[in-house]
Amino acid sequence: MKIMINLTTHKKNQLFIKTLKGAGYLTLIILTLFLFTLIFNSFLSLKTISLSFLFNTNWQPNTGNFGAAPFIIGTLFTSILALLISIPFSLSISIYIGYFLKNKKRKNTLETLMDLLAGIPSVIYGFWGLMVLVPIIIKLQTTLGIIPYGVGILAASLILSLMIIPYSVTLGKDVINLVPTDLVEAAIGLGATPYEVIKHIAIPYSLSGLFAGHLMAFGRAISETMAVTMVIGNRNFIPKSIMDPANTLASVIANEFGEASAPLHISSLIELGLILLIITTIINIIGKIIVKAYTIET
Amino acid sequence: MKLNKTNLEKRLLKNKIFYETIKIFSYALLIPLALILFYIIKNGIAYLNLDFFIKMPAPVGETGGGALSAIIGSFLIVGLSGLIAIPLGMLIGVFLAEFKEHKINNLTRLAVETLQGIPSIIYGIVAYAWFVMPFGKFSGISASIALALMMLPMVAKATEESLKMIPYTLKEASYALGANYYTTIKKVILPSCQKGITSGVLIGISRILGETAPLLFTAFGNAFLNFNMAKPINALPLLIYNYASSPYQEWHQIAWASSLFLIIIVLGLSIISKNVIK
Amino acid sequence: MTNETILSIEKLNISVKKNKIIKNLSLSFYKNKVTAIMGPSGCGKTTLIRSLNRMHDLDKSFKVKGNISFGNTNLLKADPILVRQQIGMVFQRPNPFPNMSIYENVLAGYILNGIKLSKEEKDNIVDINLKKVGLYDEVSDNIHRKGSHLSGGQQQRLCIARTLAMKPKVLLLDEPTSALDPKATTRIENLINELKNEVSIIMVTHNIEQASRVSDYTAFLYLGDLIEYDTTETIFTVPKDKRTEEYLSRKYG
């Protein structure tokens, strides 16, 4: 009887260990299948359109013309603009929390602010943007005497900048906080003001970390879908100014995938997804390499 | 002391300006946040009543109505995602933390991190290719798979991180009492990581509850009340997206109320998850 | 032999919350002398030396009362930045700025304070101060490289050069050799001896032999009180107080 019990628990144990290893392999299988699915389904587009897909500036599904250039440019345009708008805020908060705020209460206020901004679902940002921000931009455009689209690059970048600030701050405040007290004290001991300590010591010291934080925030901006889809105006042309409606890689997929029926159209949209995945993965990998080098160093 | 005083005054002024500027930039973000919350509360509160929870959306032209189908759909989809992602994520997390020497350990960690960085819309495309294309119809199940894949890395990471915190002595103590590996993990290690894992799970749920992009071509939305996960089904974020882009005032109001409801749950969950760790 | 006073502390009280760290301390430091501050851990010696160039300002919980006269200025009332330019400090652990080259590290005080210098002035300051600390020959080949490859002792001498470059009247050393090996320690001790002709030195040390080797005067602190202050020779040969005697014979550390 006793031996029997031991045997079953032994079996259970072996099974458990196998299950754990199985879960590890399953993760690899899922990711492989994931990538395979994307590549397999963009095969038609890859084969038919080949490399010119990247450079063709025309996207007209009804005439069978598929070029990714408007969306690549639209994505970079909105994301870079969003990043530029966000930098003064993210740097300020990182420095304010990481260097100045020893006071727990105020630090908590700002950290909660970041959590809230990061926690609001994308679709709600988009909805709010459409209902509140876009009418304001329409007024602005009317006053300026340009076509009052309202929706477009500007609206998308403004919303995006709000959404990505918490991502740069998460890393930014930590790397500023990690500047060794030794160095800060040495600089202060030489007569430097806090501004001079930050400019000459803290920022140069944490530069790679700050860069990585903003790079990953940039990656977020590129991959963000709903908020952008709702306020960017969904127009498949290369935008010429920040007031123009446009489309990003993610927003054109969100906008057209549900209605696409032509196989080449579907396949081209999936290839856009593949491009999006490649760009964001490269950005994430670079960011993670910098962070890893950083944590080893300090 | 013979130092140049004017220079000092200039430097101190510069410092003051710098400090005040970063302070202003930091607190300036309260304004858009307040505006977002203000509009959602102002426009949503009036419609977040009993009808919102028990009635279906009113047809075009009629006032009133609720978001019953979307609420039910969201809970069904997220519930099924959790059923898949929580146990599987925990297993992966235990594997990552425990089998450090295993030949695929680092590769698995890389896979988990890669999954975590994949844009949400792409989960939608893949779930579409896996479950919508072969069966020829949109379904709640395909949406659950997409969201489960998104949640998986979060649960796995939270589990791995919590397990790393457990001192080795605890495991030794368990072995010393004659427990085998399975019992040690199940009865000693995992219960001691309960807080960290729970918090990771809650954050994961709050994330996927608000996700919209992966649902667009999986759950798709449904104008009717539906409990069948094999069919197209509505969800709160889908409702907000569809109603937001509609021209009807009444639909906008339901979308505001849904936004308010969603924000309360999502932020509530993240607050709870923070307190769990404390 | 009369000594000129450079810095004089009158009725200094320092407390954190309800803990009194320095109790009603009065003491004068002499020009071109090396004064060692000694005492068991927790006696307040680091707090005392940090208050001399207002480093305690960094922690708002420190409450300081009293007077520290430097010429006819009360350092506790003056602008901390001016104080720190006159009274330099070298810390326990060598802390050259890792983002700056050796050359820039020597000039760090000028860079940080936004003082513009011509190329010749810069070269001159760097040469003189590296020579002073005996680093000139050791690093002259890679003066524009980062200082991180230097040994601990070299790094600490670079930090001393960086502080000297600002031409301070007083040099504060907070256990400057506690992180260094014996050989590097000897070099720093010799350096302290050479430097006292141009700057008054106040150093905190844990190391009783070091105090006896390099200092002219020694102050012995115990739980925030100044127990004894005299020439090092007197303190080490005929201490007046029993606690000093016990400390010197290592009854407590």
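Couple of notes before you dig in:
Order as written gives the chain letters A, B and C; numbering starts at 1 within each chain.
Convention: a contact is a pair of C-beta atoms (placed from the backbone, for glycine too) under 8 Å apart; a residue touches a chain by one contact, two chains touch by 3 or more.
Quantities reported herein were computed from a predicted structural model and do not represent experimental measurements.
If each chain is reduced to the average of its C-alpha atoms, the one that sits nearest the average of all protein C-alpha atoms is A. The chain with its Cα centroid farthest from the Cα centroid of subunit C is B. Taking A-C and B-C together, the pair of chains sharing more C-beta contacts is A-C. The distance from the centre of subunit A to the centre of subunit B, each centre being the mean of the chain's C-alpha atoms, comes to 15 Å. Distance from the subunit A centre to the subunit C centre is 49 Å, each centre being the mean of its Cα atoms. Separating the centre of subunit B from that of subunit C, both taken as means of CA atoms, is a distance of 54 Å. Counting partner chains per residue, subunit C has residues 81-82, 85, 113-114 touching two or more of them. Listed for subunit B are residues 11-12, each touching two or more other chains.
Subunit A has residues 193, 196 in contact with two or more other chains. Looking at the complex, you find that subunit A touches subunit B at residues 9-10, 12-13, 16-17, 19-28, 30-31, 34, 37-38, 41, 88-89, 91-93, 95-97, 100, 110, 113, 115-117, 119-128, 130-132, 162, 165, 193-196, 198, 219, 222-226, 230, 250, 253-254, 257-258, 269-270, 273, 276-277, 280-281, 284, 288.
Partner subunit C is touched in their complex by these residues of subunit B: 1, 3, 7-8, 11-12. Taken together, the subunit B residues at the contact with subunit A in this complex read 11-12, 14-15, 18-19, 21-30, 32-33, 35-36, 39-40, 88, 91-92, 94-96, 98-99, 102, 104-105, 107-108, 111-115, 117-122, 124-126, 128-130, 149, 152, 156, 180-183, 185, 206, 209-213, 216-217, 220, 237, 240-241, 244-245, 252, 255-256, 259, 262-263, 266-267, 270, 274. Of all residues in subunit A, those touching subunit C in their complex are 102, 180, 182-183, 185-193, 196-197, 200-201, 204-205, 207. Residues of subunit C that touch subunit B in their complex: 70-71, 73, 78-79, 81-82, 85-86, 113-115.
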